[in-house]
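Notes to accompany the following structure.
Going by the order they are written in, the chains are A, B and C; count residues from 1 in each one.
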Amino acid sequence: MSDSNNSTNVHSNIDDSKNENGKSQLVSLIKREMAVVMRSQSEFVYPLAFFVIVTSLFPLAVTPDPVQLAFIAPGVLWVAVLLSVLMSLNNFYQADFEEGGLEQLLVCGVAGHQIVLAKSIANWLASGLPLVIVTPLIGYLFNLDPQGIKIAVVSLLIGTPVLSLIGSIGMCLTLGLRNGGVLLTLLVLPLFIPVLIFGSSAVQAASSGLDYSGQLAILLALLILSLLLAPFAGSAAMKISID
Amino acid sequence: MWIWFYQMASPKWFYQFTDKLLPWFRGSTLVLMLIGLALGLLFSPADYQQGNTVRIMYIHVPAAFLSMFAYVVMAISGAIGFVWRIKMAHIVSVSCAPIGAIFTLLALITGAIWGKPTWGTYWEWDARLTSELILFFLYIGFMALHNAFDDRTSADRASAVLALVGLVNIPIIHFSVEWWNTLHQGATISKFEKPSMDADMLKALLVFIVAFQVYFFTVLMQRIKSEIIKREKMTGWVKKLVEGKAS
Amino acid sequence: MMYFETFESFIEMGGHGLYIWLCYGIVSFSLIGYYFISAKSTAKAKQELKRFYARLDAQNQVNE
């Protein structure tokens, strides 16, 4: 009950803010996305479950030996996060595209890059953040030392928004395509590589007592760059699919 | 200047223009390739460190260079097509992709074969080979995306956006792979000891780079020609061109 | 100045002949092959279009 009320409020918010500055519009767009998320909950439950299950396969597939597990932990964590973020994106775009919500927003004069930014932020809040929150648990299961766990959380906190933003571009490009899901992986995973390299290396460095500030700084730079560019690329791609 | 620009954008004019240029490009490709072969295989010394395997570099480095050059041409012409909605620019962009992918594949294969006598293994996670592998994935993604659309205009525009995103990403990927490589492997044998490179070796390399580039433009023009007539089949001039040859 | 003195040493290339000739072979084969594929593609497209125009003309005549 309260959910449906929430979403109607959001719609009126968008109308109110049309003539105001872009910031409040962005906030109302994010609220709109979050209202949809709260309605079904699958947006944050599925990626989280995927993440936990995939990581728990590695001790079974590689070895339960604690020393070796700690060695592979940074890579396993980051690859699993990459895949879960990729999986979670579909829910944020596909339904909205098929039901015509995206088109309506664009027709109403909402800027495309704001929609993409709002969807990326909502995707991160709903799917990225829960992954960061369970990371200490997974790190502990993998026998990662406390310093490594701390930096895993920090690096994921900086890195997952980048994944949501880059993934959004790929998602907008594949909207409405028949084999969109597989194609999305093909397009986006190569673009994730820098985040993967610096993210997992930061965790590795931290758990072996080395300096990790350089890697975190580069991740931060990637975050700023993708915040500046990805919404516009995504918006251009979205408009092609909607035309 | 602007008249020239508008002419370039007309498929008919472009078709006739490439028709005139092609014989020259074909000829110079052949000549340059033969000179390159002679310089690379016969008239250059062996490297004091790598021995004769350095001759593989004369084709590996140009292939790697062209694989990136083709991506830049593809992305920039895609961007021109996207911004000014020029059909011709999209034709150029789309025609670049398979050629670039071939050069990437050749760079990977020659790099791997060079690795066997040098590192003792065909595949080493070396920075340049890894970057080439990722570049190959980017080409595959571009071609897959272009194929996935039913509507040609959407296909052109979407793949242009992807190519531009890739163009911004390539330097970042390159930098991160280089960084990752030095972190994990320390110093491996760098492929060229630059200061000690012999003048004859440099000459062979440069001739091959130019030869590969001219080859790239030759093949590109041939692909563009077939792409033009396929896309412009409902225009009068293509009909005249096709049926004129028959009678 | 030719680097190799005998034909055998040119083929052997100091023991690395196999790798070097393999590389040059694969590259030449691919580049020549792709040159002809791309050259033929225009002729092939013309053939297809000729059939396409013939069908189109036949259809137009039926409609008239």
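Quick note on the criterion: contacts are C-beta pairs under 8 Å (C-beta built on N, C-alpha and C of every residue); 3 or more make two chains touch, one makes a residue touch a chain.
Small disclaimer: the values here were computed from a predicted structure and weren't measured.
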| item | value |
| --- | --- |
| By mean Cα position, the chain sitting nearest the middle | B |
| Chains linked by the largest number of contacting C-beta pairs | B-C |
| Separation of subunit A from subunit B, taking each centre as the mean of its C-alpha atoms, in whole Å | 34 |
| Approximate Å spacing (C-alpha centroids) for the pair subunit A, subunit C | 45 |
| Distance from subunit C to subunit B - Cα centre to Cα centre, in angstrom | 16 |
| Junction residues of subunit C - those touching two or more other chains | none |
| Multi-chain contact sites of subunit A, meaning residues that touch two or more partners | none |
| In the complex, subunit C residues that touch subunit B | 1-4, 10, 13-17, 19-20, 22-24, 26-27, 30-31, 34-35, 38-39, 41-42, 44-46, 49-50, 52-53 |
| Residue numbers on subunit B that touch subunit C, as the complex places them | 37, 41-46, 51-53, 55-56, 59-60, 63, 99, 102, 105-106, 109-110, 113-114, 116-117, 215, 218-219, 222-223, 225-226, 229-230, 233, 238-239, 241-243, 245-246 |
| List of subunit B residues in touch with subunit A within their complex | 82, 134, 137-138, 140-141, 144-145, 148-149, 154, 157-158, 161-162, 164-166, 168-169, 172-173, 175-177, 179-180, 183 |
| Interfacial residue positions of subunit A with respect to subunit B in the complex | 169, 173-174, 177-179, 183, 186-187, 189-191, 193-194, 197-198, 201, 218, 222, 229, 233, 236-237, 240-241, 243 |
